[in-house]
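Structures given as structure tokens follow.
Next come two complexes built around subunit A: one with subunit B, the other with subunit C.
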Partner chain A sequence: MTTAEIRKDMPTRPAAREADEGARLGLRLTLPAQLLVLFISVFPLLMQLYISLTDWSPLSGLGWPHAHEMWNGFANYVDVAGDGRLWSALGRTALVMAVCVPVEFLLGLALATLFADSFPGKRVFYSILIMPMMVVPAVAGYMFYMLFQSGGPVNDILSSLLGMPVTVAWLSDPMLAMLAVMVADIWQWTPLMFLILLAGLVGVPEDQMKAATLLGASPWQKFRTIVLPRMKTIIIIALAIRVIECFKIFDTLFIMTGGGPGVATETISVYIYKITTQDLIWGYVAAIALVILLVLSVACVWAMKRMARKGQPA
Partner chain B sequence: MRRSPAFEAFRYGAILLACAITLVPILWMVSMAFKPIAEWQATGADLTWFPKEPTLDNFRYIFGESGSNLIVALDRTAAKPILSSLLSASLGTLIAMAAGTSAAYGLSRFGAGGNLPLALIQLRLFPPMAVMIPVMMMWSFLNLMDTWWGLALIYGIVTLPFAFWLMKTFFDDMPREIEEAALVEGCSRGRVFWRITLPMMRAPLASASLFVFILNWSDYLIALLLTTREWVTIPVYMASLSSSMTGQLYGAKAALGLIAAVPPVVLGIMIQRHLVRGLTFGALKQ
Partner chain C sequence: MTAIRLENLVKRFGGFTALKTMDLSIGDGEFMALLGPSGCGKSTTMNMIAGMEEPSEGRILFGDRDMAGVAMGKRGVGFVFQNYAIFTHMTVRQNLDYGLRMARRSKAEIARRTAAIADLLQLGDLLDRPALGLSVNILQRVAIGRSAMMEPAIFLLDEPLSNVDAAFRAVMRTELKHIQREFRQTMVYVTHDQLEAMTMADRIAVMDHGVLQQVGTPLEVYNNPANVFVARFIGAPGMNLLPGVPVEGAEGLRIDLGALGRSVVLDAPLAAAARRAKGSVQFGFRPEQVELVSAGAGLGMTVGFVERIGARTIVHLERDGITAKAVFDNDTRVAVGDLVHLAPQPGALRLFDAESGAALRGI
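And then the complex of A and B:
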């Protein structure tokens, strides 16, 4: 007798039957998402692991299932450790993060503070200010590509400000190209910080602020003792989102400079893209990608555990 | 709270400056989109912020009409890339929303899903570039390379975390009394979901779908790797618009950029209220 038959014969209590029904429905409802995640994690990871141990390339004339004929053990992983271009790309990515995220945070916080109470025109200004983050990043990249041309509007504005003709070739100078790329990132993502921080700022209770004002607290004191502690979680979330996204930076940057001049603005995603499509050394790319995935996974699990332990809603 | 006039003046000054910086790049592209070819590369004293002779030629040009002898007609128009972007982003949104909504309900009501929430956060964390090689290999094995439905499948997976977390917070917020009343009346759990919960969630479903659509529409990197010719999307087509034959087609690209930028900006302003919730994975509600 199977369990199903036993169950049919037994008079079940409605509550138990209902819980059972709920569990089965829950399982069925989550199944499609589970399958999609499996589909994009298990196969790709196994394939990536497999070809990362070989010299396989789409140009090698072998189908990838035969990649084991080009087995090279852990040579790719040894190469990753000694790949200077990879480490410089990582360094550049870190630099973009270290400059853009704090600037975006401070600008976003300043704007959010200005929007904390109501004033005429607030809704219109708000809609304008959040526009950049909705512009397709590739299109934003093209906007800034045009702006930073040597005969373009940025130099035009600088010329009229300085009173002399400025013809800087922004995107062909290694330092200036990096600066231009950062400006574009700050333009596009400060609104995100603004949006998130404003949502947090609005949640600060007005009566506490009023009481503090009556007690003679300065704006800075109020900010530090009332606003900041309440916004801690929100600030962490906002910074985490931007750090994650900054690490992936590709679209705007690639359209503006293509990683150039030379490799001056080559970030980690741009580097992987180039060796994927130009050098076509896929076995090696797979090794790099796996190392990155591994490091990020460990970081992610660690961060989640920490958050769960602190009992903060993530 | 009453503020001093000096503060008000400072506030408006700062906000107007921020708005100006926000708008300049956008307005420059809009202006460029309506400039005739002669004004595309004007520099120095000739550089103007508004087109001297506004024209729709750029839009006509990308749809296959070459009104001017100065530039070579395009061998492929923008029509198909626009269609490709629309189709892949829409089907991708449908996949993400269908799988995400049902999984969110399963987790919110029955605690089902196990490791799914964590897996979805990891999916959001990883740079797409780091899984693209196996995806390209799988897609060519499945004959999905250079098709809009192949793009839609990967879009659906990439935006699944957003759809899932967004819908989960909406389900968590929804009062359960109505569902419970229906259960007492003898409705099955499945029927409650289909006939009662989903219709009640029409507005959140619409907002979440628009949000996911914006994300899919904004992709560049994935389409760059998975489409080559037949079904390239707008950003990929746009980047390919310049050639040694034609040079940099500033105005034409700006016109196309404008077409690409308008839908997400309009949709985004429509769902302003839910942007924070969507972007922070529901950790924050406005």
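And then the complex of A and C:
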């Protein structure tokens, strides 16, 4: 066959058109999945945006598509900016996050370091250690609710340790209630931190650790120069998961204190829950939710970028 | 630089004895290879010298200093790992000066010593490159340089060439030998590859099943193996060992090799050694040290298989269940099924006690 003949036998479709058709087939195949994603994430977001620009409430007697009849422009957003209760709830949430996440991280890291070596009974302790994570948060909330009663086990233990009767009303004192809520969160979520960090820790090559030892590095120096840089990604992931989860803290806390006493433990989720179910001002709730989503997204991206840059070798 | 002395060293892991009473002296500045098949105890010995394992019995001395209880970071030992254990998240420079940084030496001293080592190992241009993705020979130099920065008394190398492909190994061997000459360090080199041991080491310690078999220069070990294990293990292919019985004749002592016929008359010292054996012996000679002779002379054997490996031809021989190998030039004309007659070269004969396997040496 000559070259011309071969060319004649070849299909006359240009490559670009073929690629085009491939893309169209791809679109057809993924369309159902794309529609699903649209419905579960994009649609609610748009609906929320729509409602947040109105005074709509389920009590108004209108279906939500007719919410535009109660259009109020950006009034809800103006209210958000001036809502003191909202901003203090946000502050409390940040406080819980600022205390719980570092404590969970340090405890988890210490435990992971311990469990990276072998010791007798390791498997049993391991199982016990990750158990809190498997407890339903509502159940955990009820457990801690009972533990922190003024006649409860916490006070009993403190009494026998101090040798005098202790009757602290943990959940009725604004400061102590916050502390109790944090203890419950740390109890339940340290195991997750521990699991993630342990996975990172066992991935550190043993011979590099030995090499560092032979070069005279102390345990702390080895940790700082070999373990931490190698675990950087995993640490960022673990912290990101916990920061986001902590921001949404609700179930355990709500059962323990219901956000009280007063508003002493009212976090952002509790506040939103209350105004949604009690005040029923859904347009306003939608505005709050969108603002928080925005704030959290920006904060997360900023924090992760910063950490990624910091961990880079100089 | 330090001499190493191992005295009655024993290592047990539970019920398993990995090392049985090892005695070995390694001279100051000497390159000693620990050679043996896997599981022979060579790495265990090395790990005990480095301090990664505690001996079950016996002593390790660096010079006059007993190393018992001295932590592995404090022994002044440079260790090059099988896979180099380079800190892949650091640059070459950060790898090299790691030890000094951890010891909090002054910036000026660190810079000076890094420059000196980098110069010696030709790493100057690579100092600020990330260690990840460098080629193996550079990684080897970084691993050696990183240890050398600490000015160790002793260098331990754990099979550093086992991850390298065969073609590159020759390059690396030469480079390693050069580095050793530069540093003039006491080096202990663990390997299962006799070529590495033969080409680089001043002396070789051959080990098997936790027992030190022989210590000697590469030529001593090759020419005069202490026992049948060393005879078989050293050399490629290893020494031929044929079962035989010494018989006195009118001209002197010969070895009766059964179906293969009788050996030549042994020279006086070897004959005296054979007489001491009082029984059957192993008749040994190197496959490289044989000649083909005409029919009627030598040992008659049938060619079973011919391996032509370029420069040389390895001929596998067989007779009545007894096998031997012979190495000839590449143009030797032998074919499978031929009956050939072999004569070991004069001076090539070695005898071993059939029972103990120990060499019978002429005095």
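Everything that follows uses one rule, which is that the second predicted complex is superposed on the first by the 260 of 314 C-alpha atoms of A that agree within 3 Å, B and C clash if a C-alpha of one lies under 4 Å from a C-alpha of the other, contacts with A are read in each partner's own complex, and residues count from 1 in each chain.
Rule of thumb we're sticking to: contacts are C-beta pairs under 8 Å (C-beta built on N, C-alpha and C of every residue); 3 or more make two chains touch, one makes a residue touch a chain.
Because the structure is predicted, anything quoted here is derived from the model rather than measured.
After superposition onto subunit A, the partners subunit B and subunit C occupy separate space and fit alongside each other. Look at A:139: by the touch rule set out above, it reaches subunit B but stays clear of subunit C. By the touch criterion defined above, A:41 reaches subunit B but does not reach subunit C. Shared-chain residue A:33: touches subunit B; no touch with subunit C. Using the contact criterion defined above for the overlaid structures, shared-chain residue A:217 touches subunit C, although it does not reach subunit B.
Shared-chain residue A:193: touches no atom of subunit B or subunit C. Touch criterion not met for A:53: it reaches neither subunit B nor subunit C. Between subunit B and subunit C, the partner in contact with more residues of subunit A is B.
Look at A:229: by the touch rule set out above, it reaches subunit C but stays clear of subunit B.
Superposition on chain A places subunit B within reach of subunit C only down to 8 Å, the least C-alpha distance between them.
Residues 210, 313 of subunit A contact both subunit B in one complex and subunit C in the other.
Of all residues in subunit A, those touching subunit B in their complex are 18, 21-23, 25-30, 32-34, 36-37, 39-41, 43-45, 47-48, 51, 64, 110-111, 114, 117, 119, 125-140, 142-144, 146-147, 150-153, 156, 165, 187, 191-192, 195-196, 199-200, 202, 206, 209-210, 233-234, 237-238, 241, 244, 247-248, 250-251, 254-255, 268-269, 272-273, 276-277, 282, 285-286, 288-289, 292-293, 296-297, 300-301, 304, 313-314. Residue ranges of subunit B in contact with subunit A, taken from their complex: 1, 3, 8, 11, 14-15, 18-19, 21-26, 28-29, 32, 41-44, 47, 49, 95, 98-100, 102-103, 105-107, 109-113, 116, 118-135, 137-138, 154, 156-157, 160, 164, 183, 188-190, 193, 214, 217-218, 220-221, 224-225, 234-235, 238-239, 250, 253-254, 257, 260-261, 264-265, 267-269, 272, 275-276, 279-280, 283-286. Interface of subunit C with subunit A (complex): residues 50, 52, 72-74, 77-79, 81-83, 85-87, 89-91, 94, 98-99, 102-103, 130, 146-147, 150.
Listing the residues of subunit A that touch subunit C in their complex gives 205, 207-208, 210-218, 221, 225-226, 229-230, 313.
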